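You will see two complexes here that share chain A, one where it goes with chain B and one where it goes with chain C.
And now, the complex of A and B:
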């Protein structure tokens, strides 16, 4: 009986959703409400107003900077929740990752990972710094750094990777995304503009575009570093074992 | 050509979504879910959203998969009856 009711409910939901999809305007239709209000403004004025070639970055960091600041804060809160439940490794003590799998990672895998991780990090730096001219940006680059740390940690263990990014490096950088937003936003206020507009009315007009680009890049770097550190800390908190393997002085 | 590719991607997406939900082996479910994210990334690219495609590939297929695998590694692999 319960199954039949559930199936009926799902069928009704599917019919409703398919009906809505069939009534949606076709993709790329110039007559839809979304394409007639803000999008023309973004497409026509974004490069001139935000000085970012990639319109998406201009929208995310400039027009909707408040939204992105909120999202970054949510990610930071996720880390806080994970650490509240799982706890952080203690300062100065390196917790080991006890490899319980039957097959230890082979020399080929270790050599390949050692070879390829620097290139992944290089690609993430490119993704972060080119966020305003090409697809990508701080969050994507940060996630790629987090991914490279995951690869490294699963092959070499928590001992090796937390020796390379110790807690005293990670802890201050975890808030880099939120801090970057607040710093740049407040800089805008100091310069005489509004919060997070990157606009400094008192600065000479020919200097202004490059200043806006630099401030945008600063926020991107903050998001990238903060995101990478948050992901790494979540990974370390999840993977750490209770028993201590070694103590560093 | 483009429509055929879209159709194949949508069929694969539906298949992986159903398989990920019905798999009893949680590790298999996680791997299928990462394949789902990868196909989703391809679809974002087809929909001309390269920024989202990058995010989906890095976060969906990469980071969350490993976090799920660690969670399984710390608990139990089989779903209980």
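And now, the complex of A and C:
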């Protein structure tokens, strides 16, 4: 009965949504409202105003810089909430189900992971540093590092991977994204501009373009490092098993 | 007909309904969360499709690329924010699910709603 009611509700919603889709402007048309108005101006002026070749990076870090600052604060708060719920690991008593497993992972898998993880991290560094000239950026690179840590932890166990990135390295770097934004924003204030304008009108008018690029890269590196460490810490908090729970199972 | 021309939008709407169905019908909390993620993904897909342009190129100004042919950068920038927020929400929800499972030994919503006495962790059978 409940399932039938849910199905009917979903079907009604689907019909309504598909009706709206059939009345929307055609997809891919340059004349639609989403492709006109402010968009051509962004595409025309982004390079000279933000000094980034990639318009998306210019929009994220410069035009909508406050928005992205709120976003990195959101992911930092998510980490704080996860740690408040699950607790941070203590040194020496850290292990997950992989460490406790009777069956060791196969030699082929271990060798392959050991071989491929450095290359994944190298690729993520490339993604972070080339964020303003090619597809990529801080969030993507940080997510790639987080993915490599997931691979490593599921194969080698939590004890090994938490020895590679110990708590005293992770803890200061988790706030790197938020700190990067506030550092660059405050540098803009000190230089005579506004918060997060990436400009120093009082100090450096002639080297302005390269300064903007350097500040953008600084923010990108902060986002990449912070995102990677936040994802790693969330992974460790989730995969960690409490001592007393482990004895029951 | 417009509906078939806008098939990206239609697919996003159907994906949204699929996710909502999963959230409503499934009793396992983790499956509900998967449904929520499917809904989020459908919204991202819809937004990115809104920025699509016939014969468009990536909005990266290298090699004398013509700005008039570039796709809309705003949905892509917005969805980058959306993905991060979705990851944060999922991480927090999953951590609470872990705590619930440790406390009650079940992920079944109906059993959790009856507020049973906390029982020992057993190898639970879901759904």
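In the analysis below, the second predicted complex is superposed on the first by the 221 of 249 C-alpha atoms of A that agree within 3 Å, B and C clash if a C-alpha of one lies under 4 Å from a C-alpha of the other, contacts with A are read in each partner's own complex, and residues count from 1 in each chain.
Criterion: a residue touches a chain if its C-beta (ideal position, glycine included) is under 8 Å from a C-beta of that chain, and two chains touch if they have at least 3 such contacts.
The model shown is predicted, which means the values in this text are computed figures rather than measured ones.
In the superposition on chain A, A:24 makes contact with chain C only, while chain B stays out of contact range.
Of the two partner chains placed by the overlay, only chain B lies in contact with A:127; chain C stays clear of it. Once the two complexes are laid over each other on the shared chain, residue contacts for A:56 go to chain B and to chain C alike. Put simply, more of the residues of chain A are touched by C, taking chain B and chain C as the two choices. Of the two partner chains placed by the overlay, chain B and chain C both lie in contact with A:139.
In the superposed model, A:229 makes contact with neither chain B nor chain C. When the shared chain is aligned, chain B comes close enough to touch A:154, but chain C does not. Shared interface residues of chain A, touching chain B in one complex and chain C in the other, are 27, 54, 56, 135, 137, 139, 234, 238.
Listed in rising order, the residues of chain A touching chain B in the complex are 27, 54, 56, 100, 127, 135-137, 139-140, 143-144, 146-147, 150, 154, 231, 234-235, 238-239. On the side of chain A, the complex with chain C involves touching residues 2-3, 6-7, 9-10, 13-14, 17-18, 20-24, 26-30, 34-35, 38-40, 42-44, 46-47, 53-56, 59-60, 64, 67-68, 71-72, 74-75, 77-79, 81-82, 85-86, 133-135, 137, 139, 227, 234, 237-238, 242, 245, 248-249. The touching residues of chain C, when paired with chain A in their complex, are 1-3, 5-10, 13-14, 16-17, 20-21, 24-25, 49-54, 56, 58-62, 67-68, 70, 72-77, 80-81, 83-85, 87-89, 91-92, 94-96, 98-99, 102, 120-121, 123. The touching residues of chain B, counted against chain A in their complex, run 47, 50-51, 53-55, 58-59, 62-63, 66-67, 70-71, 73-74.
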